[in-house]
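What follows is a set of structures to go through.
Consider the two complexes below, in which subunit A is the common component and subunit B and subunit C are the respective partners.
So, the complex of A and B:
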């Protein structure tokens, strides 16, 4: 009876409610995070585990394949941020104006790619970027009077394929993020700016841009992580985790290759820790430059 | 967008001129979204066309839109419906995906609702810390925890089980965060009113507060279901028996270098989009709400 009363009291109830999170946080977040760091200092064999100190990290410094993966992921992240923030933002501003008709239709169609799994979208793109002259992209090249291209065998053309796949999947989603940010802007601001004779551009520059900043920072933050941690897109575009001269290898692809395919968990965890540190540093710098920390101090 | 002055000062003739200008701009803006939508829809359209042709063509020729209705047939779909070993396999994946998606969605929503409820509706010591931890878990991409989690799931004897797939992601930070944001707007007086009527804390959470949180449930249900239906990396690691494969893993096994399964792959891929597309079209308006929460205050 006493136990029941305790369980039902207003003091205990919140702890009961949050218990699943506390458990999940410890078991599925803190524990794996710490073991990732610990394992990165180990050499993990089938039976024996050996402490090797910074050896895995020293090896990573000299591992040229890892450097390729690092460069690829970094490049991909940079380009996706450049493509998937300004354009979706502009599309959202346009969509938010009264100029566009049948908005619902366009919003729905632009969102559809996000509904398809990477297996499907990656396969469709791989086949469209086929090196045969009958693949869609080469058909287009022929129509433009250009030579056919072995898209997925050359570094920069495969980068185009990868970025197009990414833009295809996320333009609509990011546009919706910005649209939701725009919805929260008070329309009267625009009206009073118009009274003062503000041009379209200055309204965008001095009202829209500053006021959707929380959205921009949010999209930028998730884009940085998603870009650095990209794996499946490349995995599906090359139908497996290997591409000619590793042109499609990403950091997580390398982690998967070492950890799962070659069963070198310790080394793979070192890759993961490096990825995490890079991600945290870039996002910290980005948030600092955007003044996100200052705001909280006020 | 480009109106520079307030309408009062403009003579009648200029007004009609501006209307015409607006009309032209409106056509251009709408046309732009129509073109963009056509481009975005194109790969799926190409896939759809290809699904009515022999899969061998895909591997020999790549994917391109080639509308020749006389060579199109329903063979691939008939094959999937035929009840032979392959089609049985496909529908097994389909069932597994449906089951996993349903279970994941129901459990995730319930758990995240209660966690968010505990954090939002009560004042207690750990409140702010817990909220901070929820945000912190969002800052580490899943891919980094993937390997230690995989080892942990093996150690916990959860490998090759649905529990192993679902449990690590059950307390989804973004879902908790969204519920939290939504609940901030709910009147806390309802809790006290319930208490005065003699209801206990859990009765209030389930019978009084849960019904008025329905919009948040709708939004999160769709996003969770979409994520689960298309989830690939984690189920790929956890599931080992072919009888447990989901659609994404199953379709991935068809990607052999010789393309002998492409009949099934292309038609199967197109059909895999159908359930989630229906869900999307039915509940489209909730998705924007669901995405908004993270962005506005993020």
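So, the complex of A and C:
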């Protein structure tokens, strides 16, 4: 009887329901987070652990490879945000309009890449962008009468490959986010705007854009995080973590290199903590500028 | 608004707990022992482990091991065994074994049956799991650090040796006693590569990985270069001269004598072994990449690139897709590579059958060593094993006994470390062996002729840093961007010193 009373109690029920989330949050988020911060002040050997204070962070400051990784990740994050917000939004608006036929097919076509594993798509892109003359991109170049290119050995061409892979994979997903945002906009708003003689552009500018802003903020936030945390795409594109002159090295790739390949967990944790701080700062700035911290109007 | 958020969180939790529920209820229904499971799901591996543990005598400890592996698999979504197999006598001692190459596990599985036939009083049963390369080493390292969850026996690839062997006999069981019956027949320089810094033997080798020269005789013959010409190449000067002769005869576009690697250090290792140098400095020394051997090799390669004798390897080295294609297209006609590269011909370039000829590598100066052992797998027994001494006995039997070496050669095509077999006619000149059929000469004849000329480059704590620097920056700077060799090596040295 007691158990039943406990379960039916209005006070305890909410806690029971959120317990699984709280537990997994503490075990898989809070605990690793704290231990990573602790480990970033240590030198972790095979058997011994040694406190080294801020030595790991001091080393990060003059570690030129880390700076390259930082720059690469920033660049990638910036470009993915620039590409993966306007275009999916455009596609979503098109899908929502009457201009497109066979919408289901288009949605599926755009979404299917997201279902493939990065490992497979990365390998396929590596073969496509091979510097050898039989790689698809080089076959294309030859047919256009151009020189073959060592795609993955040059900074800007490899950036194209990475961004293409990223857009190919994520455009469909972001488009779906925007579509669901669009569905929640009241159609009457458009009708009344039409009566007032609003053009297509002004409807988009003054009704669609402001009303899907929550979706835009959400997509921007996850894009910033995903851009900064990118690793697997570059790992697959160069068949490992070593790219010529580190043109494909990202922060997480560097963390992996230090932690796993060189077994320097303490130093890798310092890299991870820096990544987390950067991610937090950028997202706080972004959310602040978007006004997400302002109190909701009642 | 708040209620919406709450309901979203709640439904997410429900979905999450459903997924967890599915995982655990599915587990006991997996496979039975003695069955091969090829699946991407981590739950299946736990299932196979659980199923086999029911059969084994020591069920409780195995079950807990299965749980641990399940938990760690759940923590990292990437860890997905590609195959799980259990073989052997179910009433014998049970072992877990991991590898990153499925062919290795098939080989060990055959050896389990042989072992059980020969040792009726020491029956064993082994569950083999194949993981992707980095996942397996990652999992092994974590479980050794945690002190629980490690397999009894595990393959360790050469590049990962410094990380795994760092725990010495706290983590690993020394093989010195178990390998006594075979040790004197083994190539000592190869055993040395798998010793810990305390001098104890922790790894059992598969192969020597002796570097030899591969020549495309079918293509060379077309341009008037014969086997005699190739055999006459003793030094790198001879090699360069022959290369110039070849490219003068074959003027087609995109045809080269060889290719220089920007993504691999094999050429540098060969040069160091020839001069008897080692850029790692060994266990006690300090790393130094500004060696004469490295300078000479890089300078020579720059000359080749300038004269059109060599190209830069597409994709960075010959052991990737574009490299195979380059060889298949006969764009390059010679290159040095370890003996295990023979299996790449069989697997990826079967059309090349009968075209290729193997010789020893050229040297810089007469009297130098002409080969170096590259790559390899130093299989270890962990201290977490229930019966490490039996596991070590089995491992040494599988990888060092003549019976085992025979299977290594037939199945895997490796140049085995047991020197006594190299000149054994029935072993080395076996007509049914696919490698003997594939090449124009017997690979083991070349091996026997360089028996005392195979150098060793140590793999120590600083090795990953050196390889990383070379493969990402230095080799690209020198070979792609024609940077001055001395300057590039100075930069490399500065970067590596920062690591120490």
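Keep in mind that, in the parts below, the second predicted complex is superposed on the first by the 276 of 298 C-alpha atoms of A that agree within 3 Å, B and C clash if a C-alpha of one lies under 4 Å from a C-alpha of the other, contacts with A are read in each partner's own complex, and residues count from 1 in each chain.
One rule holds in what follows: a contact is a pair of C-beta atoms (placed from the backbone, for glycine too) under 8 Å apart; a residue touches a chain by one contact, two chains touch by 3 or more.
Everything numeric in this text was worked out from a predicted model, so none of it was measured.
Asks: Please work out whether A:260 is in contact with subunit B alone, subunit C alone, both, or neither, and reply first, second, both or neither.
Replies: Both subunit B and subunit C are touched by A:260.
Asks: Which partner chains sit in contact with A:278 here, subunit B, subunit C, both or neither? Use first/second/both/neither.
Replies: The answer is neither, since A:278 touches no partner chain.
Asks: Is A:134 contacted by the first partner subunit B, the second partner subunit C, both or neither?
Replies: Both partners, subunit B and subunit C.
Asks: Which partner, subunit B or subunit C, touches the larger number of subunit A residues?
Replies: Touching more residues of subunit A than the other partner does is B.
Asks: So, A:239: does it touch subunit B (first), subunit C (second), both, or neither?
Replies: both
Asks: Based on the superposed arrangement, let me know which partner A:39 touches: subunit B (first), subunit C (second), both, or neither?
Replies: first
Asks: Applying the document's definition of touch, where does A:20 land relative to subunit B and subunit C: first, second, both, or neither?
Replies: A:20 sits against subunit B and subunit C alike.
Asks: Considering only the touch criterion stated at the top, classify A:81 as touching first (subunit B), second (subunit C), both, or neither.
Replies: Neither partner.
Asks: So which bits of subunit A does subunit B touch that subunit C touches too?
Replies: The overlap between the subunit B and subunit C interfaces on subunit A comprises residues 14, 17-18, 20-21, 24, 28, 127, 130-132, 134-135, 239, 260.
Asks: If we count contacts the way the header does, which residues on subunit C are in touch with subunit A in the complex?
Replies: Spelled out, the residues of subunit C in touch with subunit A are 1, 6, 9-10, 12-13, 16-17, 75, 134, 137-138, 141, 145, 162-163, 166-168, 170-171, 254, 262-263, 314-316, 320-322, 325-326, 464-465, 468, 471-473, 476-477, 480, 495, 498.
Asks: Using the touch definition from the top, list the residues of subunit B that touch subunit A in their complex.
Replies: Subunit B residues touching subunit A: 1-6, 22, 25-26, 29-30, 32-34, 36-37, 40-41, 43-44, 46-47, 50, 58, 60-65, 111, 114-115, 117-119, 121-122, 124, 126-127, 130, 133-134, 137, 139-152, 167-168, 170-171, 176, 195, 200-202, 205, 226, 229-230, 232-233, 237, 247-248, 251-252, 255, 257, 265, 269, 272-273, 276-277, 280-281, 284, 287-288, 291-292, 294-298.
Asks: Quick one: which bits of subunit A touch subunit C in the complex? Just the residue numbers, please.
Replies: 14, 17-18, 20-21, 24, 28, 45-47, 62-65, 127, 130-135, 153, 239, 242-246, 249, 257, 260-263, 296
Asks: In the complex of these two chains, what residues of subunit A are touching subunit B?
Replies: 8-11, 13-18, 20-22, 24-25, 27-29, 31-33, 35-36, 39, 91, 94-95, 97-102, 104-121, 123-125, 127-132, 134-136, 138-139, 168, 171-173, 176-177, 179-181, 183-184, 194-195, 197, 199-200, 203, 214-215, 217-219, 221, 225-226, 228-229, 231-232, 236, 239-240, 252, 255, 259-260, 265, 268-269, 272-273, 275-276, 279-280, 283
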